[in-house]
Amino acid sequence: MLTHALILSAALFVIGTLGVIVRRNAIVIFLCIELQLNAVNLAFVALSRYTGIEGQLYVFFVMTVAAAEAAVGLAIIISIFRHYETVNVDKFNLLKW
Amino acid sequence: MTSFVASIPGLYEDWILHALVWLPVAGLVHVLTTSPERSKVIAFRWSGLVFLLSLGLWWAFDPGNGGFAFESSVPWIEAWGVNYSLGIDGISVFMVILTTLTTPIAILGSFNYIRKRRKAFYALMLLLQMGVTGVFLATDIFLFYVFFELTLVPMYFIVGIWGGERRIYAAVKFFLYTAVGSLLMLVAILYMYFSSGVDSFSYEAFLNAELTMREQLWLFAAFALAFGIKVPIFPLHTWLPDAHVEAPTPGSVILASLLLKMGTYGFLRFLLPFFPGASQHPTVVTVMLVLGVAGIIYAAWVAAVQPDAKKLVAYTSVAHMGFVMIGVFALTVNGLQGGLVVMISHGVSTGALFLLLGMMYERRHTRLIDDFGGIGRVAPLFATAFVITALASIGLPGTSGFIGEFLALIGTFETHAVVAIIAATGVIFAAYYMLPMVQRVLFNELDKEENRTFADLSRREMWVLGPLVALMIWIGVQPAPILERMEPSVQVVLERVEEGAMAAAAEGAVEDGQLADASGRAGPPSTSGPVDGLNAAPATAPAPARTTVPTPGGED
Amino acid sequence: MVFAAAAAAVPGSGPLAPQAADWEPLLPGWIILLPLLGFVANSLCALLAARQSSAAVRAGGEWDPFAGGKRPLTHTLPTWIGPGVMALAFLLTLWNFEGMWAAHLDEPVVEKFWTWIVTSTLTVDAAVQLDQLSMIMMLVVTGVGFLIHVFSVGYMRDDVGYPRYFAYLNLFVFFMLVLVMGAGYAMMFIGWEGVGLCSYLLIGYWFTDREKSDAGKKAFIVNRIGDFGFLVAMFLLYQAFGTLEFAGSDGIFANAEGTLAAGGATVTAITLLLMLGAAGKSAQVPLHVWLPDAMAGPTPVSALIHAATMVTAGVYMVARSSFLYALAPTSQAVVAGIGVLTALIAATIALKQYDIKKVLAYSTVSQLGFMFLGAGVGAFTAAIFHLMTHAFFKALLFLGAGAVIHSMHHALHKTGSHEDAQDMRNMGGLRTRMRITWVVMWIATLAIAGIWPFAGFFSKDEIIWYTAAWAGAESNPYGWLYTVYWLVALATALLTAFYMTRLMIMTFHGSSRVEKGAQSHLHEAPRVMTVPLIILAVLSVFGGWVNVPEELQASVVGFFGTLPMSEWLHHWLEPVTAGAAGVQVAAMGDPSYSAPLVGGGEVMWALISTLAAALVVAGACRYLLARKYVPAAEAAAPSSGLGRILYNKWYFDELFDRTVVQPILAASRWCWKVVDNVLIDGFVNFVGNFTRLAGWIASLFQTGQATTYAFVLTLGVLAILGAAVFLQ
Amino acid sequence: MSEVLFVLFAVVALGGAFGVVISKSPVASLLFMVATLASVAGIYVLFEAHFLAAIQVLVYAGAIMVLFLFVIMLLNLGHDYRADLKFGLWSLLAFVVAGLTAGVLAQGFMDVADTGFREDGAAVAAALDEAAREQGVAGVIAEPLFTDYVVAFELMGLLLLVAIVAAVVLAKPRN
């Protein structure tokens, strides 16, 4: 079952990655990032059965970070939306030089 | 005074070196916490205090056998064998005193020049002092490197913030030029640390690093590039004129008096003792001597046609440093001592020249020589100081410049006569670049109305220049106390080079074949050149063996 | 220097040579120190005066220190300090001279003050050496120097920079004394460059005049070319001997013969390099170009520095190194050759000069050439003898010219004329106005022309005679060359008589060409100026009587022994020159004591030369008095032929400008504009710009689209993961 | 039983994930996401991570997703049905890269799974179960969290605080 769980984790991660790359809606991109985090969490949990409780601890930490990230990220999206009236990431290209 | 200082040896020598490094930092904090108006006075007082403390070294320091004195060491990064260790010997003691003397004078000289962001400026000056002092005192390579790089930062900002019109270009050029060199040196240091059986960064440990001839040559090249840029040796000098021209007066003073000395000091302190085999390698010696001579002549020529007085003086620095380089690579007592005296003398006289040019700039807001003329009529004291300084700079006997150049040349002549003869033409070209400037600034008709109101030296400016002028003449008249103090340490360096060369020769004999293919470019078989010379000279007589002993019956 | 005096006062710290224990020099340090103290005191006055002057200039005016008929203290003190220290130094020198004479010194006395330079292989002491040679030089320097200081009091009286002038003059004497008293080449070099510095300062004394300060700069730079030779010679000496001291058992002279092979490459190189130094300092061809320009300085300076003392330093140095020169016959031939060539060239140029000081300058160059001829043929005593007599009569000539110029200047100033006060074409007929000057100048002229019984006759004749005598020495390898030298020297001596007579005629005789209005203002110089002239005139007459060979004394020249003449100088210098003479005799054999080609002894040739000179003077008087000169403003420059070449000084300046100065300047500019700015900085900036370009190209990948970044990030992750998984 | 449940959860999770990426409507994506999270929580339970499963449902599926929903509603994006998938070369590249990543990851996990650390896996699992029995499912995690990892834990608290402040500052309207 470990192998299957890891495969599942890999699959979820790749789907999340794909989402991040092909979507334009910033909120959906965020969701995909959460998806990636979850994929990693799954691997942690699966492996913790064989290595010890630390795996679950890391999942705990990752969740915390995810929560913080979601809070700040969504705040940024709100802020950007106020400015540009859109959440389409293709419209933002100030992030250069 | 002597007895007084000697009566408290256990005290003075324990704290003095640390005080010299850290008191400027205390001053820095003080400057940052005071008002901009007060900052210059505070900075001057702190650096003056450091200078007064350092004076004790003159009496307390006993050259002894030439090794380090007042040594102390505290573990810093134990895992890597890095220590915070300071020490002083006959080579560094004068560099340190030069540092502690020049800094307060430069600060005093900047009172009117620096008008914006004064707190930051004086804080950086003190930081610079701390870095330079550290460079001269560190006996741990890691620590040395930290200080060496530390000096870059304040100088970068001093040029970049308070400089002239092209300050950004000059600052970046200065920073990148020197950083390139010192990064290579870092690589070389790390190589030595990791692959030659050295277990700490201490100077002693590095001295005992076991290096093959080929390694020595590569490491020598890396170190030489770092220090050579700093010196600067022709053709690595082009950052210097730009940095000098753009830097504010005190920056130029520190740059010329101290930062350049870090390069030549590095040659003496690290390059020669660490890589004795490479230092004796005929190709290496030839290259270094040729570059030194080229610097002397070339820089003198270029200096002579500069319209900008500051640039002119900047090029003269290159010429002077050429004398140091030939003196050092002559590998004779006279040459090394002469090089050291040139370093001191150049610090004093060129520092004073930059201060004088700064005073001209403060009054007229121009550095072009053609904008002056006839200044001697309106500013006699200024003219007097200017002439004396210029004469010291061109090495008139009776001034400090002569002692250094004479010894450096005579030392070079002992081993490389042709080089010394070509370099001696430098005395002609020195007059060729300096006198026209003196004439065009001080003499000739007072034909520009603006110059008519050129103010003579103020009392503060007299205090700035007075000590330097006195020092130029004092060293020129009475150099023996200085020469005697530096001699043992110079001998140590020389002995080290000669021993190392013999070791390299022995090793070369063993792995001659292996070396021949290993470093074909550098040509190790030719190491036999200096080695033969050494074997011919009796190993019992340490250094003076190089003087030709007069043999009755003629030698022709 | 205070220590110097203290050290001198401590018994036992002084003489090193055991033979001289019976003679303690009296305060030799003070002889040097006094002018230095004078310099310090005068410079203080000078700075105080300059502060006032500069304040006035800043306010837009000029400072007149003599306003209201009162001299400020800064302008009265130097009157006493300047000549005062010289008088004291002269008296001290006299005292020591007397002591040395009485002691019959064999070995030089060396007084060490402190250790100057010391390393494990080289020690140079700050020490002075007192021997017969340095004593003669000290007497000349302090004695003639004192007279010129006194003269200056009158000459420079109305100059604003009066204290500065005396400061420089005292400093000069200080360095000159260091030069002649220094106990080794290094000490000598201090004085050597020091007098060069003072010469620079004094030539450019009126520094606001561009031409004058140019002349000072030129003098310094040309001198430095010579100094380069001196330096390298010192290196060679150090390498050969391990020391730079003259005297003592380790000194150079005691070991010269043992260490250096006679005629060897080393000693030849050393002596030729020293000669390069001497040529620079003593204005020998081709480095003579600075001396005529040096006339830009005040005239007493020309008398002291550019006639009597500094320019003779080269001769002194060659005489001091006589041991070395005796070992190098080739160098001697070169020295003599340069000397005689210089004498001839300078004499020919002097024929066509109109500036009174320029004529004297070239005459100085020419006489220096004679001295080098003397030194070159091994007649070191004769060279020093000529140096001494030349100091008398040339100082007199310059000071006399100074008096003339002073008078002319005042007269022209009164009328507001801008005529050249130094151009002889503007003079003429001055004898009626300046009786004393006229008489003493004639005395000096006869002396320099070599007319019996004036000083120059004896000294110049001795040099020429020695040239002839050595030309005939049995094994002189350069005998034929010496013969040529002798002939040229004879011809030059006659030229000297001619151009000096020309100077006198143009200046003092004929009808006056001075502006009509100014004529009545011409007057004799004040007594402070004429008294030194008279003293020097006396010396110019009798100064030559101290070194007359016995043969001449007994002949008609010495009125068959009735005149108070002696060969004193020769005997006096014997301890210094005997060694060299011995070496020379050993190498070349005895001199022949008869002239080459035609034969004849010393007495005969002495009579021939003085008669010939007298004939030239007389002929020149007749010829030149008949000529009509026109004032400078109306005269045209010689347009063609030899006259033009001579008028333009053989085009030496132009030649050097084209072949040395301009090429170096061009090379300097090329180094700066091309090598530094284009090649080196071009490379440096290329590295910088290349980095920027690369950065700019890389920045094109920065689209600003977060998605792209995520994609590239993924690629990176993929690469790392792939590496981790597949490349274990 | 557990295998069946695993397959069930896995299918739902994968389907949900695809739904997140493909849905036109953000709200739909969000709901798919909730489904995925829930199934992952189920898998957690299968791996005896009961506490994390609970947190996953409570915090993730509950709180965070609701926060997302709030933002979607706040910005009125709920009926934003414009196609927002990228197509063409770009998505082709994305698929290639994603596929490659998947392959590499799978290979990597296979390698990990083959390294043989599963031998003592049973012992570890048994120890975990034992600890869970003794300390309770929360206690197993809480114990190291407040002992060995207390610094990290505190830092987490700090991070959340900073995030809250940052969110407030960022989201607050200017002026």
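To keep things simple, chains are lettered A, B, C and D as they appear, and every chain counts its residues starting from 1.
FYI, a residue touches a chain if its C-beta (ideal position, glycine included) is under 8 Å from a C-beta of that chain, and two chains touch if they have at least 3 such contacts.
Note that the coordinates shown come from a computational prediction; the quantities given were computed from them, not determined experimentally.
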Problem - Chain pair with the higher count of C-beta pairs in contact (A-C, A-D) - result: A-D
Fill in the blank from the handout: One chain's C-alpha mean falls closest to the whole-protein C-alpha mean, and that chain is B
Practice task
Determine the centre-to-centre distance between chain A and chain D, using the mean Cα coordinates as centres, and give it in whole Å.
Solution key: 8
Exercise for the section: Just give me the whole-number Å value for how far the CA centre of chain A lies from that of chain C. Expected result: 92
Problem - Rounded Å distance between chain B and chain C, as computed from the means of their C-alpha atoms - result: 37
Practice task
Find the geometric centre of each of chain B and chain D from their Cα atoms only, then give the gap between the two centres in Å, rounded to an integer.
Solution key: 63
Fill in the blank from the handout: Contacts with two or more other chains occur in chain D at residues 86, 94, 97-98, 101, 105
Fill in the blank from the handout: Check: chain A positions touching at least 2 other chains come out as 17, 21, 24
Exercise for the section: Flag every residue of chain B that touches chain C in the complex, lowest number first. Expected result: 172-173, 176-177, 235, 237-239, 241, 298, 301-302, 304-306, 332-334, 337, 374, 376-381, 384, 391, 396-398, 402-403, 406-407, 409-410, 413-414, 417, 420-421, 424-425, 427-428, 430-432, 435-436, 439, 442-446, 452-456, 477-480, 483-484, 487, 491, 543-544, 546-556
Problem - Contact set on chain D toward chain A in their complex - result: 2-3, 6, 10, 13-14, 17-18, 20-21, 23, 26, 29-30, 33, 36-37, 40, 43-44, 46-49, 51-52, 55-56, 59-60, 63-64, 67-68, 71-72, 74-75, 77, 80, 84-86, 90-91, 94-95, 97-99, 101-102, 105-106, 109-110, 112-113, 117-118, 120-121, 124-125, 128, 131, 140-141, 144-145, 149, 152, 156, 159-160, 162-164, 166-171, 173
Practice task
Mind listing the chain C positions that touch chain B in their complex?
Solution key: 46-47, 50-51, 53-54, 57-58, 60, 114-122, 126, 186, 189-190, 192-194, 197, 200, 204, 207-210, 213-214, 216-217, 220-221, 224-225, 227-228, 231-232, 234-236, 238-242, 255, 258-262, 264-267, 664-665, 667-669, 671-672, 675-676, 680-681, 684, 688
Handout entry: For the chain A and chain C complex, residues of the former touching the latter
Key = 17, 20-21, 24, 29, 89-90, 92-97
Handout entry: chain A residues within the chain D interface of the complex
Key = 1-19, 21-25, 27-28, 30-32, 34-35, 38, 41-43, 45-46, 48-54, 56-57, 59-61, 63-72, 74-79, 81-82, 87-88
